[in-house]
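Note that chain A is present in both complexes that follow, paired respectively with chain B and with chain C.
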Partner chain A sequence: MSIDGQTTAGPVEPGKAGTPATRRAVIVGGNRIPFARAGGQYAKSSNLDMLTAALDGLIARFGLQDERIGEVAAGAVLKHSRDFNLTREAVLGSALSAETPAYDLQQACATGLETVVGLANKIKLGQIDSAIAGGVDSASDAPIVVSEGLREVILDLNRARTLPQRLQVLSRLRPKDLAPLAPGTAEPRTGLSMGEHQALTTAQWKVSREAQDELAFNSHRNLAAAYEAGFFDDLVTPYRGLSRDGNLRADTSLEKLATLKPVFGKNLGAGATMTAGNSTPLTDGASTVLLASEAWADAHDLPKLAAVVDAEAAAVDFVHGKDGLLMAPVFAVPRLLARHGLTLADIDFFEIHEAFAATVLSTLAAWEDEEFGRTRLGLEGAFGSVDRSRLNVNGSSLAAGHPFAATGGRIAASLAKQLHAKAGADGRPVRGLVSVCAAGGQGVVALLESL
Partner chain B sequence: MTSTQPVILGEMPSLSKLYVNAAAQAARRRLLGTHEGSVLPAESHEVRGVTVDVATLTAYQHLIGETASDVLPAGFLHALAFPLAMSVMNRDDFPLPLLGMIHLRNSVQQRVPLHFSDTLDISARVENLRGHRAGTQVDLIAEVRRRGSGEICWLGISTYLAKGVFLPGIDKASAAPARTEFTAPDPTALWHLGVDTGRAYAAVSGDFNPIHLSVLSAKALGMRRSIAHGMYLAARALADVGPSRGDSFTWDVEFDAPVFLPCTVALEINSVEDDAGAWSRSGFVAWNPRSGRRHFHGSVGAL
Partner chain C sequence: MTDTYAQLVNHGVGRNVARKLGLPQPAVLRRYQPGQPLITGPVLVQGNTAEADNLAAELLSWDLDVRRHAVPREKLGAIILALDEVSHPGDLEKPILSAAASLRDLAPNGRLVTVSRPASEADSPAAAAARQGVDGFLRSLAKELRGGATGNGIVLQEGIKATSPSALAALRFFLSGRSAFVDGQFLTVSGTSGVPARDPDKPLAGRIAVVTGAARGIGAAIARTLHRDGASLILVDIPAAGDQLAAVANEVRGTALQLDISRDDAGQRIIAHAAQRHGRLDIMVHNAGITRDKLLANMDQVRWNSVISINIAAQLRINEALLASEYFRKSPRIVSVASTSGIAGNRGQTNYAASKAGVMGMVRATALLMAGHGGSINAVAPGFIETDMTARIPFAVREIGRRLNSLQQGGQPADVAETIAFLASDAAGGINGEVLRVCGQNMVGA
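== the complex of A and B ==
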């Protein structure tokens, strides 16, 4: 059948593509610092400071002092040019062996999850035995760049050899060139902010304000309950006086959320539904995940929470509105599950990153849509439904906040712990699915299984 | 040990007031004749319940090259205790002139890591007045404890020289030991220190001694140019040793020649491992790459 979408292939024999007959890569554990609202406790902390703090907590938790780790990968979305070697610098500033190699990675909000996937693949292939994945972002300590006009003048001034040449270059400078530019969240090709893009998708899938507020409410409720239950005791290390995520509102209510004014999609008139309460705020924070081969974890007497089974990336053509900016996971998940002969019903826990409440709800709506399943996913009908009681059970980005590159590590470590606990209680293997949307119309999804 | 009761100050003294007071005291002594004593005040000075300003801490960490962790850097604790130490040397019964004293060496034991949220009790006293071939030297001892605890978490001994001051009853030390020639090793690092280095460290440490701030203010005090703070240099060397030092360590530095600003300083840091391959100490030495003159040297060791 020819469809105007992205088809899904069937299961793949082990040993062929997708599930190489190689060894397992397991998640040993994770550590992050609490996420702070921008301009809050971490306002003066740099990406390097926060990534090192998260790394140091991980090292302390798992006794990795002086350990030469196979490789460390992390990244930041908002990155200073001086931080070209951010992850390596964090390693050098940590108690790890200085002989631990590291690389930076950048895939917008999927950065953190992609570091987990890439390093897990290296472990599966036998290239390394241990790895630390991570990510960090600061919306407070964001890079400010000079205008194009000033930048060109400075570069030309550097090349000018004589005084008249220098004066000539300087004479090009205009007052407007002196205004600094702060980073924005607008898509370069559309000029629309991420929120404005999502507002279009929200309207397209007719996601109601009430449904969004309910999802946001559940995020806060679940995150607060997880903190109360001590779930994060071995996942989070306090930093700069913060011991819980600064954005968490344990006392929020549907009534309070309903009072907030829409901030995105205001040009849609009465259709505007996205508020500060059901959108993630700008946040500062960092996360890390310790990955290993089973043999390495055993030799170091460390836990094995879950295996990183497989992952899939997808992208959509959002520029001219064929799909919504944040809808790529809608295509990635069916492909990933099909490769393993699984359906949504086979997944015990879903971690769908809450860029906006409406992002999650638009994704679920697309999967439940018969026509979308047929014409865009190449299926016989709708892809399926997600059992809401299995969705973001320990809270997600709406409550915790979303320091862009740090979100993947937060989710991977928390989900691995959740899977391990559930498997221990039920006495059966438990599967988890991670889905992270990203700027540029991209998405990365991953499948974890308890050990 | 002395049984003298400590003088408990209500708050950390202001360094700028201390410097003004020291200048006034110097003038007074010039007019009225020097204080004739050769005995150090026995009382220690103490401030209880000191808290750390996290913004200052972060600025200090960034300037020195430490990552902004929640643990207080050993050099930050020195800066925190410094005004109290100055207040002891600013006493009328302190026999040496505070202004113009030269920081010869500094020795720190970071025994227990302190957290930025800890409330601290800090005490300072002077000890060991003794001769030096060029004058009289004295040790300034500072101790930092967690509030209400007897355990010393951080101990600093700063040795100062009052150049050209010879007190009655204090023997001049025997002739200077034969100076060992310093041969510069291959550098492992170069520091490019701008003319604003002193001002930047003054802003995070609170030590606005005019000899560090600008050419003019340094000249007013008889220096040819402004010089870098010794503890800024020592703290950067400590930061360069890096996290292998662990949570508790010793940190010693001897200052050989002032670092005039602006300049480039060459540095060599080496590490010694024990038989098991674990870090045991790092030595550091810094010199002027043009003249080959040694600026300071020292070591960081496992405690």
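== the complex of A and C ==
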């Protein structure tokens, strides 16, 4: 049967229309391009180029050519105004059916994970059967805007009717108005960069330089080992001459990391511990994740790696210093696990986004702190501790890099594959937890379970 | 990649100059396009044997214009020369000289196909002499043909009829534009297990094929040709070539499997992917290969081992996995890419030639195993093919490489692909353990 229209899916559960979700949303797989350091191989690539490349690699991996996917959602943190329809444009430039709808989403560094969560929810509700989540960011091809002064002049000039009016508007222009503005990483309400915010948190939780360097070292070592083992063979597609993440330093050592000078929190003097080695660099890249209902995956003979079980978002009041800027996941994870009657001990793999090594370590310290557990999390004591051998086992952002909106997709696909492999080897269900902090004091965390 | 010289001598002034100076004038070859007629012009079937009559009747049923006797000055699309009953060298004269009278009437891009029996030690000396004589005759005649015409031979093993499915498939292949760059070659038909294609334009419809080294060059051409012929594709290449692989996969609506075939578990990973996506695997095309040229005196361990590991050891290991797999049981086909370097040798390519000769040895020794599963394994040996790899050869050497064959030009990746598609087809099931050269009858290597 050949229909040149758009077929409809049948009712999810006959007779149950309008009832809450009962079906699973599964991760089929993912694809990303290797992440490049800003100003590197992708310096001339736009967000649209990179997102399209990541999509096309996903399509090729799973044979989705001309497929009408239920919905595609992606986003970018650093976004040009011309990219108002970034994801839909990427779909139109890809090998997918042009009849695939798409929307953009933006939630700072949580963008990628939030697209996974949102689309998984739509699948669970039966609104769609398949979806592609994703994210992209270019720190190299960042939007540069004109100053507020110049912008106002241009807009007023457009409204001016007569020559005298135009001359009058132009006379307001000052030389300083002509300087372009690049996007900053400073928080609008505090003026502090993310690194400076984390430096405060790092000092608060007394996270040592050695512990940070060790976490960074493990990230590089784990990522390099995963590449060597072929783990990324079906997760990454090369792009512009790069076949592995450009930031990966397989030969780094604790000694080398120890030689780096602190770059954040320098006003802390000897207490400055955050270096370029234990902080993520500005990065370019894109990632995608293929999600589906079990029926859709089965009908298309596609693998089912893991279910997106649940997710939780949280935010903290960092503006008044109540909590650190990147500490929202500290609150989101206990809420999420409590909802499922789980503790940290029930989690087989943790993926805690390494914005900075100290972010991960501050998070773990807060969970292990008795008083914090009692006074801030409302528990009887400490929330618990994370088995380090289960943490970021295939490397994370310190080694791979962190193109803001692309990180969630990177983690979700890699973790799903890891869970599926472990479950196959152990013959039991395996759980994974994703935690991503974001600007504005936000955080999104998600619970996955192997299939 | 483009053969500028060939373009020059096929048009206007260049054509006249080349003719007057006696320069080589490579013809523009007739290459297969979907919907193209099998052959243009009448087909003359020469030779007074029962098989000649049977073939003539068969060709009539293909709606071809068949002649049993030459009509003077009538342009012929093809001449089929039945030599299957020769028992003494003296028997060659009549059919061959009759055909000779029609050679001038063979149209540009025409075809001459002999049908004969193999010479063996069991034959009488005279019969063996006559049968072996066909070999030298055809190879010489192919060198005399001009204007893109080719001469090839079908060798029928004892007991195999000229109208058996695979003999007819071979004849169809040699007559068609699919064999444009196959010249001066013999193909032996040894079995009857071929099944004629339901749709000659989609001979691989419903078949699941894996192509290694599919990101570019000959591998990408194989992917395109198998797709055109109806196969569903799994394309394999090393992870570092993944972007080009994805582009080819999206073009031919296949899936991209990034995999280093020299990994121990490559065979299992290919089978697992095929099983997951298609429930089985029917055709394995071993195309991936590398060159690491060095004179043997300067050869190091890395150069030697990487070539052996990827070009032959990987194929052996993957075949072992396939032969053991229940997913590879539906008229399975393996086609390997060998090389004329493995036949004739090539200075600076001791490692490469060893690996490619190894492929041919493997193919012959695997034939029986494949037959046990109702399948077949064959190899193609490309000669000079216009690819990115050969484009990097220095100009003078490249020109010599191009012209040193009966068609006076390099082949296209699609020429290799067409031959592979033919050997992978259901109809070619009776061809097993063979090596077919796609070289325009290169002067080296017989």
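Going forward, the second predicted complex is superposed on the first by the 430 of 451 C-alpha atoms of A that agree within 3 Å, B and C clash if a C-alpha of one lies under 4 Å from a C-alpha of the other, contacts with A are read in each partner's own complex, and residues count from 1 in each chain.
Here is the rule we use: a contact is a pair of C-beta atoms (placed from the backbone, for glycine too) under 8 Å apart; a residue touches a chain by one contact, two chains touch by 3 or more.
On a predicted model such as this, the values are computed, not experimentally measured, just so you know.
**Q** Following the overlay on chain A, give me a clash-or-fit verdict for chain B and chain C.
**A** Partners clash after overlay.
**Q** Looking at the overlay, what does A:Ser46 touch: chain B (first), chain C (second), both, or neither?
**A** In the superposed model, A:Ser46 contacts chain B only, not chain C.
**Q** Identify the partner contact of A:Asp66: answer first if only chain B is touched, second if only chain C is, both if each is, neither if none is.
**A** both
**Q** With the two complexes superposed on chain A, say which partner A:Asp83 touches: chain B (first), chain C (second), both, or neither.
**A** neither
**Q** Applying the touch criterion given at the start, work out whether A:Asp245 contacts chain B, chain C, both or neither, answering first, second, both or neither.
**A** neither
**Q** Quick one: is A:Gly93 in contact with chain B, with chain C, with both, or with neither? Answer first, second, both or neither.
**A** first
**Q** Have a look at where A:Asp369 lands relative to chain B and chain C in the superposition and call it first, second, both or neither.
**A** Once the two structures are laid over each other on A, A:Asp369 reaches no partner at all.
**Q** Quick one: classify A:Asp56 as touching chain B (first), chain C (second), both or neither.
**A** After superposition on chain A, A:Asp56 lies in contact with both partners, chain B and chain C.
**Q** Please indicate which partner A:Asp141 is in contact with in the superposed arrangement: first for chain B, second for chain C, both, or neither.
**A** Once the two structures are laid over each other on A, A:Asp141 reaches no partner at all.
**Q** So the two structures are superposed on chain A. Out of 1-9, 181-189, 235-243 or 253-261, which stretch of chain B collides with chain C?
**A** 1-9
**Q** Do chain B and chain C land on any of the same chain A residues, and which?
**A** Dual-contact residues (chain A): 53, 56, 66, 95, 238-239.
**Q** Report the residues of chain C in contact with chain A in the complex, numbered from low to high.
**A** By the definition above, chain C touches chain A via 239-243, 245-247, 249-250, 253-260, 263, 276-279.
**Q** What part of chain A is in contact with chain C in the complex they form?
**A** Those residues of chain A that touch chain C are 53, 56-57, 59-63, 65-66, 95, 230, 232-234, 236-239, 243, 301-303.
**Q** Once bound in the complex, which stretches of chain A touch chain B?
**A** My answer: residues 44-46, 48-49, 52-53, 56, 66, 90, 92-95, 98, 238-241.
**Q** Using the touch definition from the top, list the residues of chain B that touch chain A in their complex.
**A** Of all residues in chain B, those touching chain A are 54-55, 58-59, 61-62, 67-70, 116-117, 242-244, 246, 278-279.
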